[in-house]
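So that we are looking at the same thing, I have put the structure below in structure tokens.
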Amino acid sequence: MSRLAKDINEQIPWQEISPGGEIYEGGTARLVHTGAWRSDVPVWERDKCKQCLLCAPFCPDSSIPVTDGRRGEFDLDHCKGCGICWKVCPFQAIHMEKEVR
Amino acid sequence: MSIRERLSGNEAIAWAMRQIDPDVFAAFPITPSTEIPQYFAQYVANGQVSTEYVTVESEHSSMSTCVGAAAAGARAVTATSSCGLAFMYEMLYVAASARLPITLACVNRALTGPININNDHSDSMGARDSGWLQIYAENNQEAYDNYLQAMRISEDPRVRLPIMICQDGFITSHAVENILLEEDGAVKRFVGEYRPEHYLLKHENPLAVGPYDTCPYCMEHKVQQAQAMKAAKAVILEVANDFERTFGRKYGFFECYEMEDAEVALVLIGSTAGTAKACIQKLRAQGVKAGLIKLRVFRPFPMEELAAALSHVKAVAVMDKSEGNSGCGGPLFAETCAACYDLPVRPMLIDVVYGLAGRDCRVEDVEKVYHHLLRMAETGVTGPRYLHMGQRSNAEEVL
Amino acid sequence: MAYNHKKELSKPERFVGGHRLCAGCGAGIVCRAMTRALDEGDKAVICNATGCLEVSSFLYPYTAWEDSYIHSAFENAAATCGGVEAAYRALKKKGKVPDNYKFLTIGGDGGTYDIGFQSLSGAMERGHDMVYFCYDNEAYMNTGIQRSSSTPRFASATTSPAGSASTGKGQEKKDLTEIMAAHHIPYVAQTTFLGNFKDFHEKAHRAIYTPGPAFVNVLTPCPRGWQYSPELLPELCRLAVDTCVWPLFEVVEGRWMLSYEPRKKLPVTEFMKLQGRFKHCFQPGNEWTLEAAQRYVDQRWEALLARCLGS
């Protein structure tokens, strides 16, 4: 009987659900793809990006991954398209487009 | 070897706490439980315990502190009465639903209002549906013994529910009586260490506690919690049996006193049992077949066992030391009626609400109830089922 | 140690995506910056008051927190955290907890200024080694933007709406940071989201690593409640600071220190005009509200300057 978040779903019987609603691992929200909420999508223009990283801390959805001092591509699984990164970029290296699904 | 002493109920509880040396004690004073944190503070000041003693600014925070501490992996305790318990109300449910085995020493006092500091059971009865185990004591000895058993029951992985160890305010909490205490080492061995499977400070994995629990999951959690309350019955008896083997004093869900051939009987909780026993001895000497069931465990409610114990009785008075405000009786009456429903032949049942806000209940008062039951048994007429006793009245009362 | 933005941003994320906060919600930014201020290797327990953040960041079975987390109720996050911290001390001295832990509590202005105020005051007075972060979005957002004691005067909220007979909330915003400073705890600060987050980070780090209780108040714009387009959050934070509506300062061991003084103090209308909650203030006949708002900000700012100068 697994009590990992990935195995807990709306079919789980009461005998198997974790007591008191406890969860025994961190960051299980990653399993939820809030990117589906998006109506506008940020587009990163790498050639214009100076890697100043002013965008990254402003992201409420932890969707601008930074490794070794450099940002990478947007995490569109979780980005909700709020546009803060677009506004805060001093080099116009991010623009917003209509989401196409 | 047990040690003979003379202690009040409050000091007996504080003594048990010292022996157990819990990790966290969240303390806030309220009459009549105030002495418990006071005695304990002195143990802390004298270096007799290693407990983190947290002097919170309210009972709401004392229960919140216990919730945080228990979730973090600590054995957490507190003590309160009356309005203090009422102020914790929201957190009582949180503690139970988060499945945190917290131990609360409840020194029963009337719940305001109007404000009154004397004993009745309206405080803990108000919390009867909160998901806490509730065990009641007749005297200081039982309060002490129940406290020693509390953690073994509530921390059991089959239970994982918080527990209230209740005693009557002033009558038990402040009266100094003889008591048998157990040795520190024996108590520590009996109670054991708290070893939760998961806790916030666990090295191997983080723990998240207290989710927003949506409709698809919340009912499953509540059913699981209800199951734990049912499972607690077996655990309570297991722990009582081990307690008897270890310390020689016997406990169960309730005490049957002269019940074997009883034709009339009382069901009650707490210190009034002593008064009732004195009355029974007097009546038995006159040939009256009177008996008593003193309920020890109210949550979980020992429904089948109580029904079986009452099955041969002709007339029963349930003595409620709290007003149910239901218009038809107190909480103990409601539970007892429900318990007896499935009996092929039910006893006649009445409710006697008594002793509110410290109103005295003497042997003569109890005797009146037995005589009323005898009349009921004789005539076969139950009459009014919801009675009050002990109040002044300008009309002729049944009791 | 000097703040190194790139190094701090390269740390593993401790508040992950997939939570259910609204697009552009400032609370998510607080949680990320707050946990980023923890030194790597230190563990933390997060205590959270009921509110938008709680229902969004731990919706069973999905937690956005990499660290241990506890929510118990609305009005008691500080007392709950105090319990966790007391348990840590108890278990640590018994050798039962090998790791080093920090204790962070977070609540909105409802859970902090109002219903949780007693619990906060008590926990701070008792001296628990913990930090309380308030994400102050100036109204009860989770229940639908009702006014709180933190809502500024003239803001329209659903229980203090503007109308023909009302110019929004009638009372001034409670100065909670000052009240917390009056607890004479080792560290109190006010910050928000600016530039490379140096101000936030340094205050959060100091708060976490100062032994004893600390309080950090973070102005946290809410696009729904303040009625602005989400991408304007950085601009609103900047304007809150440059108009002196939300001054940046610290109180370290009782010493008041200004963190930032705008080169040119902007009129408060610059901050207000971007937000729908103040829209009515700009209607003809309501000019007096803008004047009153300006007078209040000036008066509070002068008092703060005097305090920092004399400290």
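Letters A, B and C mark the chains in the order given here, with residues in each chain numbered from 1 onward.
Methods note: a contact is a pair of C-beta atoms (placed from the backbone, for glycine too) under 8 Å apart; a residue touches a chain by one contact, two chains touch by 3 or more.
Here the structure is a predicted model, which means the values were calculated and not measured.
Undergrad: Select the category (line, ring, star, complete, other) that matches the graph of chains linked by touching.
TA: Topology of the interface graph: complete, with all chain pairs in contact.
Undergrad: Which pair, A-B or A-C, has more C-beta contacts?
TA: When the contacts at A-B and A-C are counted, A-C has more.
Undergrad: For chain B versus chain C, what separation do you get between their C-alpha means, in angstrom?
TA: Spacing between the chain centres: roughly 43 Å.
Undergrad: Rounded to a whole Å, what is the gap between the Cα centroids of chain A and chain B?
TA: So the centroids are 50 Å from each other.
Undergrad: How many angstrom lie between the centres of chain A and chain C, each centre taken as the mean Cα position?
TA: Result: the chain centres lie 23 Å from each other.
Undergrad: Where in chain B do residues touch two or more other chains at once?
TA: In chain B, 98, 206-211, 213, 217 touch at least two other chains.
Undergrad: Which chain C residues sit where two or more other chains touch them?
TA: 58, 60-61, 63, 65-67
Undergrad: Going through chain A residue by residue, note those that touch at least 2 other chains and give them in order.
TA: Residues 8, 21, 23, 26 of chain A touch two or more partner chains.
Undergrad: Give every residue of chain A touching chain B within the complex, in rising order.
TA: 8, 10, 12-15, 17, 19-26
Undergrad: Can you tell me which positions in chain C touch chain B when the two form their complex?
TA: 45, 47, 54-56, 58-61, 63, 65-73, 75-76, 79-91, 93-94, 96-99, 101, 118-119, 121-123, 125-126
Undergrad: Residue numbers of chain A touching chain C in their complex, please.
TA: 5, 8, 18, 21, 23, 26-34, 37-38, 53-54, 56-63, 65-69, 75, 77-84, 86-88
Undergrad: Where on chain C is chain A touching in the complex?
TA: 5-7, 9-10, 13, 15-29, 32-33, 36, 57-58, 60-67, 193, 195-197, 223, 229-235
Undergrad: Touching chain C in the complex: which residues of chain B?
TA: These residues of chain B touch chain C: 23-24, 26, 50-52, 54-58, 60-62, 64-74, 76, 90-91, 94, 98, 200-203, 206-214, 217.
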